[in-house]
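Scrolling down, you'll hit the structures one after another.
You will see chain A twice below: alongside chain B first, and alongside chain C after that.
Up next, the complex of A and B:
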């Protein structure tokens, strides 16, 4: 077990370092000089200013030296200063990370509860041989998975924001009223949009897992013992169907991080995804490096935890070889 | 409970029985009869590809002609079956020509990702050793990035246009395919027919070509079909963000982005291309899903 942990940790570290080098190199290969972009016409008329800023952000040094310098700063907990924003990368990311986390966590709860619910219902439909309802639900799930998130966002905005006027469609809070209820109301549409695809994907996986588990010997034994259907489902089947559910939670995180870019863009949500796209477009290297590093670390840690959790849920799985 | 091993079931599932003495047409008819659902899906997918090719010739008007006196004509207007947009351009023509870009730009990178995934998966899985280690570490790193973020980053590096967006999508889709195919190759390598070929002195490339490749191809095609459904959505998303198709060209993602500013006045301008993207993506998703089921693997999205 310890050997497995160490090997797995080493591999994760390698991935994070490799990923950060990849991003670092890619940014420096992008055509377009960040300093010139930031200074605009001022830079064209004043080459001295460009030179001074280039030196200030260390962009005149060879790329490997820049990388080592960046890592050195990082070890001391400093992500550097933004080129475009008048603040440090750490300050820029802190607020936005919280906003994205709030959105992501809400979406995660909706997706897990909703997805598991849909999966259980779908499995019950199969179990009770209600084929028409089963087909309808499967078809609906696939439609919801195929809808692009920005289209879904528009549809929800048109229905709930424009036609019914129930929910606000932009931003995190109103200007005049920023109580808890107001913030929650702003959260509904973005969170639902973000949760839709992962939720319905999870629903399909839960359905398959439960249908599989119902065919297992223990399920037959449980029925043979005369246990009620509810008890068989909740105690014997659902637990055995947990492994794929947990595995998928890790994949879901990737979906959230990808999805949040478009969803934050649509709903004007001041989070990391939107910050990242804007920073890429403005060639704000330090911010892109900071945000991608955070995403790499979160993604890697989640995958690591998912791997570990297999054994907790299903003790039959052993960590033989990584 | 872990379900059946995908690699194992891919090997044992999908046995095809060919009756002796039947011609090609009869065999096709028999296959269609036995796989009605799949045949319908294949026909729809094929029709979409044909549509993507012939689109410029079936568009009734010029998709880029601006007529400012005819802005926001409603649906079913005289001469403009789908009305006009905020610049008075014929919306039906824009939808048809945009569909060509959307479909092509989704299908081509998925195909490219399959080819690249096959090359890497076969090389890595069959030869193993340091080549395998290096390739798999690179793939680990690429898979540590969420798909869309990796693609956006690459578009930024390559420069914003449709060709680069397609290249970026292809690179983004390759690691997953390569990883899955590699594990299939690893298990095929253990099987008697490969050992027999090795003992009879065939070279590595010939074994890959004649023994391994034919057994990997079905799963590769199924994965490609599912990726087509993602990539059609992804390219629309890139265009929506302004990172894909550039004006004056417009794909469905561009149309949605343009219509976004006018959802109060003409919500259908945003809804129609949204539904179309979802529809095309839906067909390829269901088709890929059905192909994978035939291979006995039901779990992968």
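Up next, the complex of A and C:
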């Protein structure tokens, strides 16, 4: 088990380092200079100013040197300063990360509960051979999976925000009222929008996993023991169906925590995703690097936890690692 | 007897026939000693290729403590017969007609509550592939205790004691440790022993063993068969033994049913049936079993394939492969008739 953990940690570290190098290099390879973008016409008329800023952010150095310098800062817990914003990258990310986490965690809960529910219902429809209902639900799922999130955002905004007037459509809170209820009301539409596609995808995975497990020889044995349908399902089938479900929900969690650019953009949610898009447009290298690093770390940690959880679910994996 | 040994044997398994057959063999017609009676059972499957008549009018009965073998090629309907008895046929399959009388109670169309009280309690079942038949994510102990607790109101501790006792009884060494292990830590033979322990948990009156040794290698096969023997004798438990191995049937069963294309081609006391096989199909099956002891003889393979069960034939299902067919065979399906007392055959020759 220790060997497994060490190997797994080493691999995670490689992913983070490799990913950060890739982002670092890509930023410097694409056209567009952050200093010139920031200074605009001022920069065109004043090349000395450009040179001074370029030196101030170390952009005149060779890329590998810049990277090592950045890593050096990182080790001391410093993500550097934003080029465009008058604040450090850490300050820029802090609030936005929390906002994204609130939205992401809410969306995750909705997607996991909704997706599992849909999947279980769909599997039972197959088990009971209710084909019409099964086709209807499958068809509806495909439609929901196929709707781009920006379209869904607009549809939900028009229905629940404009026509019915039930829910606010922009931002995290109202100007005049910033109580908990108000914040929750702001959370509903973006969270539902974000949860929809992954939720229905999860529903299909859950359905397939349960349908498979129900056909297993061990399910037949369970029936032959005289167990009730409910017990066969809850004790014998569900646990076997857990591995693909946990994989999917885990990876989904990573995706949500690292923010959804489109949804945050549509709902004016002040999160990391929107911050990342704006930073890329402005070629604000340190912010892009900081946010992508956080995303990398979140993904590898979640992946690691998902991997560990397999052992809890499936003894075969547990023993293979021992 | 042409089928004396498929097991290369310095160690003849003490057949149940020898141990306690006397009181059952030969008196099949008496109604008082019937545990299970299957009457005109028809089970079919709706598939894309049409209606598969997997079991097409099967009747037989099993007395208390009796060992009955169903033998036949793959796809002849023997496993479907077994599953039908316990009502384990799932869509797209269905039992169309017939009765399965267990101690006089019809299990066809019985409520799920009735079936659940019988499954695992009165009639238990073991399957062909023990490793996939055990749940991979639950310990062996849990799975056996679950079978006990489902039918018996005893405490967890008592159930655990009984599970331990059962494992020891089926010859699993270090039972205490094995209780906490998972199926993947068991070999095929040990897993089948665990399945047997689970099946015996509530001292069933009938054990259905559906090809219990097919997935195991030959030495393990012999051990499992010997174990089933011993337990059947000790517990007075009837066994419906399903296999494609003629040798195993010859050695172990009081009664033998030869199944072909969803019907019983020939049935009778095992000794009679193997001494005087009547149906050309039974004769053909015996002709392709190798002998270890005795004279050398050429093996005669049975040519052709079992018929497509989606097509309802007018005549005898075995006719296309039969060496002794005559003009009546493709036109009329023979009815079973007693060629000798207690020895029935479904063939126009008799």
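The rule we apply is simple: the second predicted complex is superposed on the first by the 308 of 322 C-alpha atoms of A that agree within 3 Å, B and C clash if a C-alpha of one lies under 4 Å from a C-alpha of the other, contacts with A are read in each partner's own complex, and residues count from 1 in each chain.
By our rule, contacts are C-beta pairs under 8 Å (C-beta built on N, C-alpha and C of every residue); 3 or more make two chains touch, one makes a residue touch a chain.
On a predicted model such as this, the values are computed, not experimentally measured, just so you know.
Asker: In the superposed model built on chain A, check whether chain B and chain C fit or clash.
Answerer: Aligned on chain A, chain C fits beside chain B.
Asker: Touching A:216 in the superposition: chain B (first), chain C (second), both, neither?
Answerer: both
Asker: Check whether A:64 is in contact with chain B, with chain C, with both or with neither, and answer first, second, both or neither.
Answerer: Neither partner.
Asker: Does the superposition put A:72 against chain B (first), chain C (second), both, or neither?
Answerer: neither
Asker: Between chain B (first) and chain C (second), which, if any, makes contact with A:129: first, second, both or neither?
Answerer: second
Asker: A:277 in the overlay: touching chain B, chain C, both, or neither? Say first, second, both or neither.
Answerer: In the superposed model, A:277 contacts chain B only, not chain C.
Asker: How many degrees, to the nearest 10, separate the directions from chain A's C-alpha centre towards those of chain B and chain C?
Answerer: 70
Asker: Taking the superposition as given, does A:240 touch the first partner, chain B, the second, chain C, both, or neither?
Answerer: both
Asker: Could you figure out whether chain B or chain C reaches more residues of chain A?
Answerer: Touching more of chain A: B.
Asker: Report for A:225: first if it touches chain B alone, second if chain C alone, otherwise both or neither.
Answerer: In the superposition, A:225 touches chain C alone.
Asker: In the overlaid three-chain picture, which partner chain does A:295 touch, first (chain B) or second (chain C), both, or neither?
Answerer: First partner only, chain B.
Asker: Enter the shortest inter-chain Cα distance between chain B and chain C once the structures share a common frame, rounded to whole Å.
Answerer: Across the overlay, chain B reaches chain C at a minimum of 7 Å between C-alpha atoms.
Asker: By the touch definition above, which chain A residues appear in both interfaces, chain B in one complex and chain C in the other?
Answerer: Residues 216, 240, 314 of chain A touch both chain B and chain C.
Asker: Tell me, which parts of chain A touch chain C in their complex?
Answerer: Chain A residues touching chain C: 129, 216-218, 220-229, 235-236, 239-240, 313-316, 319.
Asker: Any idea which chain B residues touch chain A in the complex?
Answerer: Going by the criterion above, the answer is residues 1-3, 137-138, 140-141, 144-149, 152-154, 156-157, 159, 229, 233, 236-237, 240-241, 253, 256, 260, 263-264, 267, 270-271, 273-275, 277-279, 281-282, 285-286, 289, 298-299, 301.
Asker: Using the touch definition from the top, list the residues of chain A that touch chain B in their complex.
Answerer: 11, 14-16, 18-19, 22-23, 26-27, 29-31, 142-143, 145-151, 154-155, 157-158, 162, 201, 204-205, 208-209, 212-213, 216, 240-241, 243-244, 254-255, 257-259, 261-262, 265, 276-277, 280-281, 288, 292, 295-296, 299-300, 314, 317
Asker: Show which residues of chain C lie in contact with chain A when the two form their complex.
Answerer: Touch residues, chain C against chain A: 86, 88, 91, 112, 115-121, 124-125, 127, 129, 132-138, 146-147, 150-151, 182, 184-185, 195, 198.
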